[in-house]
Amino acid sequence: MSLPDEFHEIAKRVNNWGRWGADDEIGTLNLITDEVVREAAATVRHGRRVPLALPLRQDGVQTGMIPGRVNPLHTMVQINQELFGPGTVACSDDAVTMGLQAATHWDALPHVSHSGRIYNGRPATTVTAHGGAQFAGIDKPRHIVSRGILLDVARALGRDRLDSGHAVTPEDLEAAEELAGATVRPGDVVLVRTGQVQLHLAGDNHAYAFPSPGLSVRTPEWFHARDAAAVANDTLTFEIFPPEIEDLWLPVHALDLVEMGMLQGQNWNLEELSTACGELGRHTFLLSAMPEPFTGGTGTPVAPVAIL
Amino acid sequence: MSLPDEFHEIAKRVNNWGRWGADDEIGTLNLITDEVVREAAATVRHGRRVPLALPLRQDGVQTGMIPGRVNPLHTMVQINQELFGPGTVACSDDAVTMGLQAATHWDALPHVSHSGRIYNGRPATTVTAHGGAQFAGIDKPRHIVSRGILLDVARALGRDRLDSGHAVTPEDLEAAEELAGATVRPGDVVLVRTGQVQLHLAGDNHAYAFPSPGLSVRTPEWFHARDAAAVANDTLTFEIFPPEIEDLWLPVHALDLVEMGMLQGQNWNLEELSTACGELGRHTFLLSAMPEPFTGGTGTPVAPVAIL
Amino acid sequence: MSLPDEFHEIAKRVNNWGRWGADDEIGTLNLITDEVVREAAATVRHGRRVPLALPLRQDGVQTGMIPGRVNPLHTMVQINQELFGPGTVACSDDAVTMGLQAATHWDALPHVSHSGRIYNGRPATTVTAHGGAQFAGIDKPRHIVSRGILLDVARALGRDRLDSGHAVTPEDLEAAEELAGATVRPGDVVLVRTGQVQLHLAGDNHAYAFPSPGLSVRTPEWFHARDAAAVANDTLTFEIFPPEIEDLWLPVHALDLVEMGMLQGQNWNLEELSTACGELGRHTFLLSAMPEPFTGGTGTPVAPVAIL
Amino acid sequence: MSLPDEFHEIAKRVNNWGRWGADDEIGTLNLITDEVVREAAATVRHGRRVPLALPLRQDGVQTGMIPGRVNPLHTMVQINQELFGPGTVACSDDAVTMGLQAATHWDALPHVSHSGRIYNGRPATTVTAHGGAQFAGIDKPRHIVSRGILLDVARALGRDRLDSGHAVTPEDLEAAEELAGATVRPGDVVLVRTGQVQLHLAGDNHAYAFPSPGLSVRTPEWFHARDAAAVANDTLTFEIFPPEIEDLWLPVHALDLVEMGMLQGQNWNLEELSTACGELGRHTFLLSAMPEPFTGGTGTPVAPVAIL
């Protein structure tokens, strides 16, 4: 099997290899300039902060559908331990084991490969057991702070939550821009709300995972045209799942991560943000979504915050 | 053994139990109001971002001195795996095991207890193996975004790095305020630079860990008087270690976390920030330092970013 | 709530506290004398070996029903890594995270407590986050090698597999002894087959876990009378689950582990052994079921082998 | 760089590829026949059992020299948790994270590869992040029970412990056979004692690890000639380390595991066994050393026991 011509044609149109040099490891994050950040900071008018991460716990979104992507196992290694003798100050310490893509996370660029290549044309073999991603790993973007814009597709379409088979199209994104009263600008981190995370919040992780609404294979070109810096949404699979084109699995991942070099975020909880944006009548804000700098990581948990 | 009278006297003076209600679980973070955040955002003038986290990797700062506090073990669970058949888009996934206090981190309020109590007078027994910290765990602060201020004590004292036996005093902090041309305000997150992390960066984790300069037992009153929201520095132990008063171990932890309810940050890399502040001639900035929301966590890795 | 009188009456009858001294940490394993082992070795007539452990993998028996008892997460940390340069001998290494009670395992004596006590009357507080079980942990039995006897209750009752509500009684055990043509002797490790593990082998972990046949609250007295050294079976819960007496959960655990000081084994696969015993016409054998010596462990994975 | 001719010449002489069929995944363990096991059981005369595993704990033999091979991190996930309500039977559960080769362990055959091949000529690429070793993993040997023979080289040479630069030669092994009053027979598991583990037991893990005495590159032919089923010793590196031939690292691993298909054991504590054999005047015994059946594992912790 190989990827269909249709895929390769889109790939050519969105390809950013070499755009920021042959050695670039952060892709569209280059679009977040100091000026973009200054303007992003200037959007803060209320001082209200909205966290976007799901709790990290055993009862997380993973169901075992994806092998090895385990929910956080949080354990105590010390509990009120008087390390310096009886009656002294006592310490509690904990440890965790978790999949880096298990919860609210960023995919690093080498999280997927196709045709043996990752972003910037580097060989997929640069990901190894010994050290993980040697090129463009999640330790390479030093910071992700920019203007955030909520494209509340569910609300724009008058829905609480999109149907499980709904592929979010460029037209949907433009309807959400209209609702937002703002358009995506170069360097923006775009948050696309489907409402799908409500299923997880209601306790049904299987329904949350699959089938799932998500971004259409037509969206990478749209994000490319607008020069978005990164895109995140409130689903497990990011893109419509199962896919729109039979047997073409994860085309959006391949286009965004490999061809464009654009980070994707998944399992972001955008419910409270949707409410806040509705109340304040604004959909742009300062967004801080710093990767935990795992050396060689192909993903990372993230605790994003929107500052309105 | 019990804690000396001297400790209990300071404890009374800095105690915040009940200040934000008997059920409050976030302590001095209450001081970060919307107004504080608005003013913090207004400090962003250059758009320059400085990350403050150390890399997360096996070769981290832990030496085994603290039982169970293990450096991150990063492993791959999928490498370019064609989950949907040969020739399809391939995925790489990873997992990690680590101590929550192993790297650049926040201590949650119940990270220490004394005399059987944690913050707000709750029993230390609210920390259990089953679920971790039931009260005031690291999942309770929903966001940590505020004005940051760098108190560059090393630079203020004309040193690259403080001596291993140097207890940072209120007088030192005031010298650093003078260098900063700014004073700590209510709701600030205060970053105290000793330069000690240079030893880790140079590869000597044992020298980094112990003995270590750090905050004096006299500093909690100073932070209390100024109503700081949180304090972080660039050492493993946060406070001077071994301690100033014989056999009184971790008094600053007990005063800050238990009595004041003020979060502490450790192993923050403040070297690049020091340089940036020097270059830009300013020491205040917007700081985002979001905890990863581990349910019941007594600490969390954090990837802070200063936005200048 | 407290445990009912009925429980305490049985407890008195099976109690072994002090029987091997106030400091004893291995309980009925004391019954495995050198002579018992010599006689056990003499049972080996065919040289046939039957392994009794389930595979250790993500797709194991745990369903999330028991918080924190996670199936093994096996990850590679090196894959054909030429650590000494290109063209040299290459190494592959792996790591695992797992619950010690997740798969085929032994419960250590302090795995349960009741009324604040563990085996030999020691306080339950001897189990701590810092170091685990200080008394009678799984590191204390230095070896478990003895005569094994298969009590094939399912077969003795003419069933492939016992009903989910079947409490295995002393009468059932005696029927199985009759089938075996042998009786339990002091120092024996007794393997009780219900057939329940077939549900797991067929892929239905939920049906396997609950409800489950298992040992009746009447069996501890029977094992006590015969001076068994340890008992294992092919269920997740060991004892009938839900329990025979309303609101009296895990009475068999409490009687076996706390009162008698007798180790329990769970999730043992006895299917092949049942076939082998049927074919060879014998139900006793040499059994080696060595605990992995986790310091302070309250349980351990085990790879038992019957040698016939 | 490629492996020297000298290596390839030995490789030809000890190669067992195809000897037990093209699909064989257990190599020399095929030599452990029912008859071998019957005779092994017949060696049990005293009933004395000697465990050979080191404790599993954070303070284990690993020093960080081998990336990712982490000492066991044992954590509690439940401590006396009354899962069914106050006053009910309480449970303690634990979890572990560890390298499979970190402590007393077996190397599986695909633990090393050379020239792109593992045992039986299969490609090294059969080891993947997704599932580990697809061929000849540690889940494939269903049991390891055989006659054990202690070749106490240190004692035979009149030493407490061999020098760090001592390569154990065939002549040394024969001296130890003479001391044992027995010779290695087909199907034996051979335990070679150097005394090196004393350094670990005395607390010096660095001295234990490197430099280390161990088996000479000349020994694979000797074990091949005698048709040993497996070999284990009391060192971290198994073979002399650094190696006898400059720049030829791990030749014994490559010959034993890849060419012969013979499992190796490392970090076995043979001190108590040496004493017992001396006291009883015999060096052969029944040995049970069951692998934990990690699916796809390239190694496994093992708790071996010698039954004399």
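Per-chain residue numbering starts at 1, and chain names A, B, C and D are given in the order in which the chains are listed.
The rule is simple: contacts are C-beta pairs under 8 Å (C-beta built on N, C-alpha and C of every residue); 3 or more make two chains touch, one makes a residue touch a chain.
Only a predicted model underlies this, so the values are computations on that prediction, with no experimental measurement involved.
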Contacts common to subunit C and subunit D (chain labels)
A, B
Touching both subunit B and subunit C we find A, D
Subunit B turns onto subunit D (C-alpha superposition, degrees, nearest 5) by 180
What whole-Å value do you get for the distance between subunit A and subunit D if each is reduced to the mean of its CA atoms?
45
Hey, how far is the Cα centre of subunit A from the one of subunit B, in Å?
27
So which stretches of subunit C touch two or more other chains?
67-68, 70, 73, 75-79, 92, 95, 97, 128-130
As the complex stands, subunit C meets subunit B at residues 67-68, 73, 75-77, 79, 95, 97, 129-130
Please name which positions on subunit A make contact with subunit B in the complex.
1-3, 33-38, 41-42, 44-51, 53-57, 66-70, 72, 74-80, 83-101, 110-114, 124-125, 127-129, 132-133, 139, 142-143, 145, 247, 249-251, 253-254, 286, 288, 290-299, 301, 303-305, 307
